[in-house]
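In this document, chain identifiers A, B, C and D correspond to the written order of the chains, with residue numbering beginning at 1 in each.
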Amino acid sequence: MMPLRRHLGLLVGPQEMGRTWYFWVGFVIVIGVGAAAPQYLGRFDLLNLANFLTSIFLALSLCLIWGFCGILSLGQAAFLGLGGYAYGVAGINFIESHGNTWAALGIGLAVPVLLAAVLGFVMFYARLKGVYVAILMLVVTLLFETFLNQTAGQGWFIGEAHLGGNNGLGRFSGVIKKPPSFIFSEGGIKFLGKSYAFFYLTFGLAVLCYLGLRILVNSKLGYVMVAIREDPERTEALGYDVRLIQLIVFCISALLASMSGILYVSWGRFITPDVFGVYNNILPVIWVAVAGRKSLTATVIGTLVLVWLSQRLTETDYAFVVLGGILLGAMMLLPEGVITGIVDRGTALRARLAARKSARA
Amino acid sequence: MPLLEVENLSKAFGGVRAVDGVDFALEQGELRCIIGPNGAGKSTFFKLLLGSIKPDRGRIRFRDRDVTRAEPHTRAHMGIGVKFQHLGVYGDLTVRHNLQLPLQHSLSGEAMDAEIARLLARLNLAGTEERRVAELAHGQRQWLAIGMALAMRPVLLLLDEPTAGMGPEETRETGALVHSVHEEGVTVVVVEHDMAFVRQLGAPVTVLHYGRVFAEGPLAAIESNEDVRHIYLGASRTMAARGRYDP
Amino acid sequence: METISFIVGLLYQYADTIALLALSAIGLIIIFGMMGVINMAHGEMMMIGAYITSFAHYAGIPTALAVILGGIGAGLAGMIIERLVIRRFYGQLLSSLVATWGLSLILSQGALLVFGQLIQSVPTPFGSFTVGELSYSYYRMFIFLVAMAMIAGLWALFRFTRFGVRARATMENPRMARALGVDTSRVYALTFGLGTMLGGFAGGLLALTSTIGPFYGMTYTPQAFITVVVGGGAEIVTGLLASVLSLGAIKTIFMNQTNILLGHVAMLVLAFVIIRLMPSGISDWVERRQVRVRER
Amino acid sequence: MSRATGFRPSWKWAVVPLALAAAGLFSTTDAAAEDPIKICVIDDHSGDFALIVKPKTLGYETAIAEINEAGGVLGRQLEMVFYDGQSDVKRHQELAQKCILDDEVDVIMAGATSSAREAARAVAVENEVIYWHNNQGEGGIADKYSFFTGPIPEQQILTGVSYMIEKYGPKMYILAADYGFGQVSALWTHAAAGLYGGEVVGEEFIPLGNSDFAATIANIQKAKPDFGVFYLVGGAQYNYYPQAAAAGANIPAVSTVNVQQGYEHKRYPPPALVDMYIPFAFVEETPTDSARAFVEKARAINPDEPYINQMTRCAYVAIHMMALAWERAGTTETQATIAALESGLSFAAPEGPVFLDPATHHLTMDIRMGRVNENHDLEFVHDFGAIEPWWLRTLGVNLVRTDEARQFLPWDDPRLAQYKTE
């Protein structure tokens, strides 16, 4: 029981907002309201909410490496896309024919992590400057987009899965073989986007990832990550192999991003090379930067709000101008992020009020 | 066999030879100051010793092992503790967590708490453990940085300008701290600008100039060396203006 | 005859690739080399240059002048951006990266809203020449020469002008330069303006052989990024030259022998190999070699 | 580590969300019928394809205005539920879901590219909603719920290539955008070459977004074709034309995508597109009175639209076809409407009469050949007459009798695939 309590203690460590009882009351209320969503949401809104939730993992992946470890990647969608494709290809081959969802999931998670390990090894062990890492990741993801866009020909089959070029995975073969949703156990529940099962799965995973990352950032590794963000040279002199830790965190973030990709494919049974494109890479940067990159909580809230907003904006021509403006405005006015900024100011104000009160007393 | 032995060490940046053929040796238990005017190559030499940059030429041996190409974290575990010129503390973390970073390699739980308390007492920082480092006074942050280096239980302690930005009282206390660490048997190298502090330490001095070892010897001999006075005077205007140098 | 025409064809392609890489990267690498900032809105600066070139051309202004106006316009835009945005992020390189990316989004999508997708192309001047069975565009060779001239001009600027000396001093050690009376913030503003101006100028030049739209710059920026990463920031001119020569060679060979995609992949792979071997880019490596040679 | 002060989570708290989750399982939704008939339109008004797709929306607006003025359908007005697809494939999927689940529309008309089409169409088919694709495409889709107004390969490629062989000689060079549409069109071109005595002397697939054609131009010159067959898509790929013109490497060419959608002959100065041949169903310059009247009508609704393109006409036809079907079915119920659509509807399209083939859900339509002349004006050089969508029928597709839900690709048909030699 002792280690468990210890881990729960890490949940409320100082690296993340939420050290007060009312934060956790709010948390439980949000979980409750979220879990009851099927009660009050329409069919489309529920489906849509599940889609929003899949974005959280991508946002958290960027929050972890950029906000906590100081590595900005402008190509996080590379891991999302690769995860989605790998899961989809494996799914068409394994789930459709053998019903083996676990194998497909494993492959979907492993391939992006492998890519992260290779790229990370080259970049971090070369002690590449941060800006180089950022733009190289963008180049890598755009190259994936270009590559997959030219796989419409009939030579591009992996097993039974046709890569399908711009038309998307499995969409461009005679009898369309779409990437499948999760099915656990024979004839078990099918986790298609429309189902309650999928909503609860994604919701549960999002909550678990959020709590898990809270523990991670308050663990020993978490402190080392923050130390690397603040001053890599100093951290090395304290006996930490900065390159290795950056590589590990990079791989964890790839894992998180690939979860977004896998869930997205399971949700809509659909993935195209567009997922690797510029917009899918700039969106997580907008979410995380605007919300507050140094906070998991801010990231989750900000992502949900901004994803919702960009969908609302779809009805206008101004969508990306507005999003770009929000990003630029936030970077200039509240560089630590809007939510983090507000919370910090609130805390400071409360502290000042408390000080004044005690001075009067 | 010296504890640290440096042979013909050279490093150039953009055509400028920051460190140029330096030979340097340090016996176990020694206290040494390295001085030199601005741009003499002190900081580069320091970084070469801790390993965050690698030399173009030359060799570094530490505890009988060639560490010329070893990474800083390897050197740290071999016993090189470092306090940087620019504040090497993590402003966003608390004092406790700053100390925890070097300590968590070997300690945890109660043992770590005890060690943290011991270090804080020694650094005159008792009672500050839950405060964010950014809220500390400048001198306190310098001490914390030294404390973090000590927390690694170093054999060799490298201190780059440990008194930068300190008042006379704090400087004196820092000198006492350095002496007490030295008396515990730790070999200490102090890279310093402030001659008053060097005098307080009273240790042998190595003078760097244009990336080379210009002079080496006991403090008194160095202070009376005409050439050393000359190179310092040449650069004294800016330094006097900063109130750092009083010959 | 077959071989001659093959070799001429390959050389033409090589020159053409080099010109594209150099033109798209030159402004970016100046800003990066001097300020450490990657301007993610560089493609949009090229877009502005191209738009002004097209508008000026159809307003009856001679094409050469139109291209120059494109450069000036982008340069002014760059200086405004430096004042309003970049200035706030000195010393925070990643933040400036993100901020300029936001700017890029606003500029490209804003151009789409204001001007729509329809921008008139400017006809390509000069006509063509024939070697063996293949014919080539004089203009493409012309822009190769212009690209080389721009690199040479840059070299001369840093070597011989007062701005160049100040800029190099600022780049080497900003604090020292300030102490010596250099107005570093002006140097930064001018540098940024120079970089975006060259971007706009390149945009105008390339606009004469391509379609112009709001996303015009995006087709060039990925290769410009690779060029900058390979070139590094230590010695701008040597870095850029070494980078475009090596990347251009690999891209030309792969494009000629296989296909366009593999040309891009080969460039990226080469970039990764180079950064693994020379983490600070070719220029830094070249520089260190020079030091070592001089020492012997 | 556990020194942190404040609230500690406890397992008891988990009961609350679980209870609420359980409550969530018993939810219900209900739908109420709206008065107007809702037509979901997802068109790209921003992003890469906005230029060619915006005129499509105008086609919907023109038809809906026309029908509503005349009293609507079944006494109900038509209402367009419009969303901007932003040239984003994922968006098309999400918006199609929104149209069906949220707006509860009666029909979906969405997607320009084959990828956007498949994204939206899959959602429509899954939910058993009628789907229309309203621009030219690679053909081959046989599906109970899907209908098409654009010309397809047997109408454009076979005709166009045979004309070019006769006029310029047998040797052709294929340049195609590297995605589904380009791949299929290229294979149809091989088949056309084989059928009409031509020869493919070279073939290149160009990545979407590629804008540098130096190597391609050299390859074409080496192959010495009599004419080119170009399926270049998107702004970047259009760079081929000015680059080839500058290198003096222009060759006569036929294209099923240029001019009729992107009106490149109006947007770019000569001589980039001179001798480009266009087999089309509709362009703004179509030489019929009804076409001129249609252009006028559309312009009256949006005077700022620079060009009324083939998509405008396809969209216009699709709305009228649906109106006819609803009237004939007497209801908007899906199965009844499909039965009406499969009852042999014809309509006076702007370029001439069209007939909705019940067996394949594609149109029989008039095809003409246009040539871009030295001044970048479109000349009409040939009239192929009405051409049926016959290919699917020869594969045995008959949607009236048998449900299908697949796309037939030319390599599935040995009669076509035999002409493709590696």
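Convention: a residue touches a chain if its C-beta (ideal position, glycine included) is under 8 Å from a C-beta of that chain, and two chains touch if they have at least 3 such contacts.
Please read these numbers as outputs of a predicted model, since none were measured by experiment.
Chain centres here are means of the Cα atoms, and by that rule the chain farthest away from subunit C is B.
Remark: among chain pairs C-D and A-B, C-D carries the greater number of C-beta contacts. Distance between subunit B and subunit C, defined via averaged C-alpha coordinates, is recorded as 44 Å. Taking each chain's centre as the mean of its C-alpha atoms, subunit A lies 34 Å from subunit D.
Subunit B has its Cα centroid 42 Å from the Cα centroid of subunit A.
Residue positions of subunit C touching 2 or more other chains, listed in rising order: 109, 112, 261. Looking at subunit B, no residue sits in touch with two or more other chains.
For subunit D, residues that reach two or more other chains under the stated contact definition are 1, 46, 205, 207, 209. Those residues of subunit A lying in contact with subunit C across their complex are 66, 70, 72, 74, 122-123, 125-132, 134-136, 138-140, 142-143, 146-147, 150, 278, 282, 285-286, 289, 317-321, 323-325, 327-328, 331-332, 335. Contact residues on subunit A toward subunit B in their complex (touch as defined above): 14, 220, 223-224, 226-227, 230-231, 233-243.
Looking at the complex, you find that subunit D touches subunit C at residues 46, 48, 50-51, 204-207, 209-212, 214-215, 218, 221-222, 224, 235-236, 238-239, 242-243, 245-249, 267-269, 272, 306.
Here subunit A touches subunit D in the complex through residues 5-6, 8-14, 19-21, 23-24, 28, 31-45, 47-48, 51, 146, 149-150, 152-154, 164-168, 171-176, 178, 196, 200, 218, 268-270, 272, 274-275, 279, 311, 314-317, 319-320, going by the rule given at the top. Of all residues in subunit B, those touching subunit A in their complex are 50-52, 71-73, 76-77, 80-82, 84, 88-94, 97, 100-102, 104-105, 148-149, 152.
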